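Next, two complexes with subunit A in common: one pairs it with subunit B, the other with subunit C.
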Partner chain A sequence: MQSTDLDNKITGRRRVVQKSLEYACYSAVTLTAILMIIFFATLGYRGIGAFTQTKIEVDVVEVQSTSKKSINEAMYRLVKEPDRSTKKGLRQLVTPNAYSTIDITEAGTYVLVAHTNVDMYVKGVYDKLTDSQREVVDILISAGKIYRTWNWSFWTNSDSRSPEIAGIWGAMVGTFYTIGLALIFAFPIGVGCATYMEEFPKKRNSWTYDFMEININNLAAVPSIVYGLLGLAVFIQFFGMPRSASLVGGLTLGILTLPTIVIACRTALRTVPQSVRDASNGLGASRLQTTIYQVLPAALPGIITGTIIGIARAIGESAPLLMIGMVAFILTAPTGILDPATSLPVQIYLWADSPERGFAEKTSAAILILLLILVTLNLLAIWLRKRFEIKWK
Partner chain B sequence: MEIETRNTLTLTKSQKIEVRNLNIWYGDAHAIKDASLKIRKNNVTALIGPSGCGKSTFLRALNRMNDFIDDCVTKGSVGIDGTDIYRTQYTNVNNLRKSVGMVFQKPNPFPKSIYDNVAYGPQLHRMHESKAHLDEIVKRSLQKANLWDEVKNRLTSEAFSLSGGQQQRLCIARTLAVEPQVVLLDEPCSALDPISTNAIEQLILELKKSYTIVMVTHNMQQAKRISDTTAYFHLGEIVEVGATKKIFGNPNHRSTRAYVSGEFG
Partner chain C sequence: MLIWIGPKKKSNGINEDFFKFFFRLSSWITIGITFAIIASLSYETIKFFTLIDPREFFFNTTWSPQTAFRADSVGSSGEFGLIPLLWGTFFITTIAMCIAGPLGLLCAILTAEYLKPNVRTVVKPLLEVLAGIPTVVYGFFAAIVLGPWLRSMGVTLGLDVSTESALAAGIVMGIMIIPLISSITDDVLTAVPSAMRDGARGVGATREETIISVVLPAALPGVVAGFIMAISRAVGETMIVVMAAGLAANLTINPLEAVTTVTVQIVTLLIGDQEFESAKTLSAFALAFTLFTVTFILNWIAYRNYKNAVNRLRQ
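Then we have the complex of A and B:
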């Protein structure tokens, strides 16, 4: 009897083709991973500085008429009999915003935020200090009067002209409002549209159905800046909504997300087997009841996953927001949907465009945070799908 | 005379369903050709025939499930208790499907708990007065389907956790929960093992005491074991109808004899 040799290895040309394909796939994956690591490492290396802040301790001996004068006088004491230019240099060791944020009423030691030049010098990024400034700073560093701390103000402040106190809070709130509105706007319409197209196809070859089908597929491929133009023309020009408001941003991003949600939702509805619809209809449920009670709940994990991925795309979107004026310089976080606002990607764009070197690390840090949000959302989508997906038998 | 009776289908007391001159097309394909059949109350009527002969289409016509198929056209009349379900456009199709329930070829429970599967129908039609009443309906339906003893301790577990035979009995319980008068079974045992099949067959014999049962089956032994009347379909036509003993013992038609003796199928 002839026996089958199962241990016999695949040889010859077949093996070469199989192996080379295998290695091509491996190397593609490895290359992607390496590029991702380089990307994150660069961002991390450049952005890590933004999470710490340089503080300067100022000993106020006599209180002057204003905080500004008190601080300036305290700074002049650091050098014996300073001349005019030295005085100017000493004044500029402290952030110019310190005067308005602190109220000095009695003598003592005050901790102030150092000027961006000091900050950069301490972090070793670059040295733009004058000789007299550097001398004083070196002395203060060795005396422990200038030191780095965790930068809370990066999380709690909004944008500023001075890089040392600029933060992302305002942009985060703006993103939150915009994306929340986009979700409220796009989710019901998207799910409704997909449900109509999948569950109520009365006449599949009617021109309305074809029209919708073509529209949805084309909308998904439209460049995002075009949505910005649409938002500008329709919401601001025609409906007269306020410029730079998160309301307009939300509606615009909602339209942008709509095709993604519709396509994901249709796919999810198609995975629900026909037998479920038959079972429900066979019990005397109307088409609508079947859809609401059986088909939509069964498709929900897929719908939510698709929506999260659509929303993740919208979070990273900046081009349409530029068109509708959300590229504004906003000093305080918006308190409502009609307030001027900006969003995280637009904030990154603004900072990347700034001439001050101090904004470079803020830009990298903000990109890191944005990427972290996106990764979290995508992980959430994967988890939801794994957790709630129905295994049809 | 013929025209008059078309509008008021008169049935004798023992008849439940009367199908008259039923024609069904899928697009251009003529699936059912001029089929007429009378179905008796509290009887098991088996529809047999080779694949693609239109048995399932015929069965689905009895509760208008074919309406969901886009290019399906139905002509003719199906009278249930004397009412033509196709003639009046005002027929409440949902109520029709409630009183003519259907069990499908593959067990198709909803992806929910056992309890929710059975409770879904009564909830749809608001048949229950209270939560306790709904519990009672669920219990009674599961008992009728001989499933209660097996699942009474795990009503909240997933329906998919049941075996295939249990799932099919759950689907029968779900159908019974909305109190139908007619139960249509579309090859209910084709996906089941012999033991589960036996359980379902015993169940059908019990159910025929209170319901009118029409079933499609590929298994001729099964038709022989449990049906009272058998209709033999061939190429969309009803070739022969008669008592099961007659069809399997001494059929009139050559084609029927060939099929039941296993010459083709």
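Then we have the complex of A and C:
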């Protein structure tokens, strides 16, 4: 490259300017890259633990009247003649949730989920065990009675007050309902609006066209929290829809995604060359027939790609959902669009806000899953565009 | 025999009237959304101003809506002064722009002017990955990672750093808006006609002299538009500040102290169940209306600048 050679012959003050801008540019990108790496590394490092779970094997020798008593008696046997406080410590080695979920009817070995303090101790995050507890736990670890397994319950459980059994299933279902509704609402209207603006304008330079253009661009830049207030005032207050329901969340996120879809769809429609429309019209098709049979199918790959990117943005959105009350503490997954629900980003917010330290790794793990979903969607969009894009000559 | 050859109403299975109606209806819905936003926000704001004097809202320097719950006590109306909130928003936005402005601009110069096309197609989407990360993730990072880290750094340096410092929120918000600035700036820089670059190179300017004295001045209106869009985004950003900035409305210029923003207060006022007609709840709508107006003006200026700049460069 000749120009580069000439640039290298520059000396003196000009050389300093030349090099400093170049280095500044490269170091800016490097710094951004380092920040990104720190970002993802921290999340990965903090979140990876949540994918495993600490289990504790309990030998029940005699069955008591309730599961709780059976488990407690079995725990007391781990220490010879425990006093009151030791007993309390032993009880708190298993999750309180085990009392209601496991039905103990006969003697034998039961595998229970360990308490979050034991979990964190085994994972080496922090140590909040008492001395007597730590002694017992160390013995059990060396005996192979406390061990880590793949944490299925993180995927299948909903939120809980005990970090060791809290999971993301309820939030995932909530996200699914909300985003599904948003898509059903926003996709047809977005495509319709874009088609009307691109294919049926009365006059390109009329004030109505300008107004619609400014309107769409402004809607795309309105802070998301304002949409939350819109949802609160219109859907909940005015129409009286139930608070915290995915129905309201879906409509609100649909409104939020609408401008993104319209803009993407308009761009896609513009790439379809005029000759396609002219040819179709020349064969006697009406303007609407041209639009529906020729222009829209040709623009479909672009429309789908834009919609996926819009939906990916909506999946990560949490501020409007806080406004319409989708921050409720939900123990079971919603079964319909009117049930109180939460969504994955809101679950992340709730866990991040929780004073219980055991939730910290759950938060990071939930973020990793959310990012994985978004990356998958974006890769899907890129793949669709590469695979189905029509190259017009 | 007469044969009808005029336009048929129905042909080939499409109901013309229905589809045309549907297309028109969809575009009216998008306009309706804007009107619904303005109508609902202004309706609640007017109700708020019947309870609280607008002069107090715009000129009072104290924000403490908490007392509004006790209807019988003295000062039951609470204090609704907008100024500390606007200051906090402005302060955090400034910190964010100090980070994102230079970094975003330099990244854009690199992608637009230095990189070969095949490297550019890899680096640009990677930068845009940052734009796709949900804001709640940035918020978590600011609140759980950066905030405590800054605090412990402050302890070793003998400084008193709040865990919810404006600095932590500002830095993370800056990282968030880097891709926004860099992608808009990159668009504008690539729109600068290559004839201008060739002319400068032809009279002996180096590549850097061309960038600094020819390309950047030509692209300046568009770059400014990008910066204004970024500011508007930072002003309206919610989750990062909700999680990482404080709740106390301080009028301070110390970035190590906690400040609060308009969006934080909207969320705090409206989260959970509350009675709808109290001044406290209504004030959230007044704040949102202020936020909407500010971002609308910023977006409008940015949009017009950007369009003019790109159109002029492409001519």
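Observations
Here is the rule we go by: the second predicted complex is superposed on the first by the 356 of 393 C-alpha atoms of A that agree within 3 Å, B and C clash if a C-alpha of one lies under 4 Å from a C-alpha of the other, contacts with A are read in each partner's own complex, and residues count from 1 in each chain.
Note that a residue touches a chain if its C-beta (ideal position, glycine included) is under 8 Å from a C-beta of that chain, and two chains touch if they have at least 3 such contacts.
None of the values given here were measured: they were computed from a predicted structure.
In the superposition on chain A, A:196 contacts subunit C only, with no contact to subunit B.
Touch criterion met: A:286 reaches subunit B and subunit C at once. Once chain A of one complex is fitted onto chain A of the other, the partner contacts of A:317 are limited to subunit C, with no touch recorded for subunit B.
Judged by the number of subunit A residues each one touches, C leads among subunit B and subunit C. Legend: residue contacts after superposition of the two complexes on their common chain; A:262 is shown touching subunit C, with no touch to subunit B.
Once the two complexes are laid over each other on the shared chain, residue contacts for A:276 go to subunit B alone; subunit C is not touched. When the two structures are aligned on the shared chain, A:390 is found in touch with subunit B, with no touch to subunit C. Subunit A residues 286, 289 lie at the interface with subunit B in one structure and with subunit C in the other.
Subunit A meets subunit B in the complex at residues 201, 204, 273, 275-286, 289, 293-294, 298, 390-393. Contacts from subunit B toward subunit A in the complex involve residues 63, 65, 68, 70, 94-98, 101-102, 104, 106, 108-111, 120-121, 124-125, 160, 171, 174-175, 178. Looking at the complex, you find that subunit A touches subunit C at residues 3, 7, 10, 14, 17-18, 21-22, 24-29, 31-33, 35-36, 39, 42-43, 188-193, 195-197, 200, 211-212, 214-219, 221-227, 229-230, 232-234, 237-238, 243, 255, 258-259, 262, 286, 288-289, 292, 312-313, 315-319, 322-323, 325, 327, 345-346, 348-349, 352-353, 360, 363-364, 367, 370-371, 374, 378. For subunit C in complex with subunit A, the touching residues are 7, 11-12, 14, 16, 19-20, 22-27, 29-31, 33-34, 36-37, 40-41, 43-44, 102-103, 106-107, 109-110, 114, 123, 126-127, 129-130, 132-137, 139-141, 143-145, 175, 178, 201, 206-209, 211-212, 229, 232-233, 235-239, 242-243, 263, 266-267, 270-273, 276, 284-285, 288, 291-292, 295-296, 299-300, 303.
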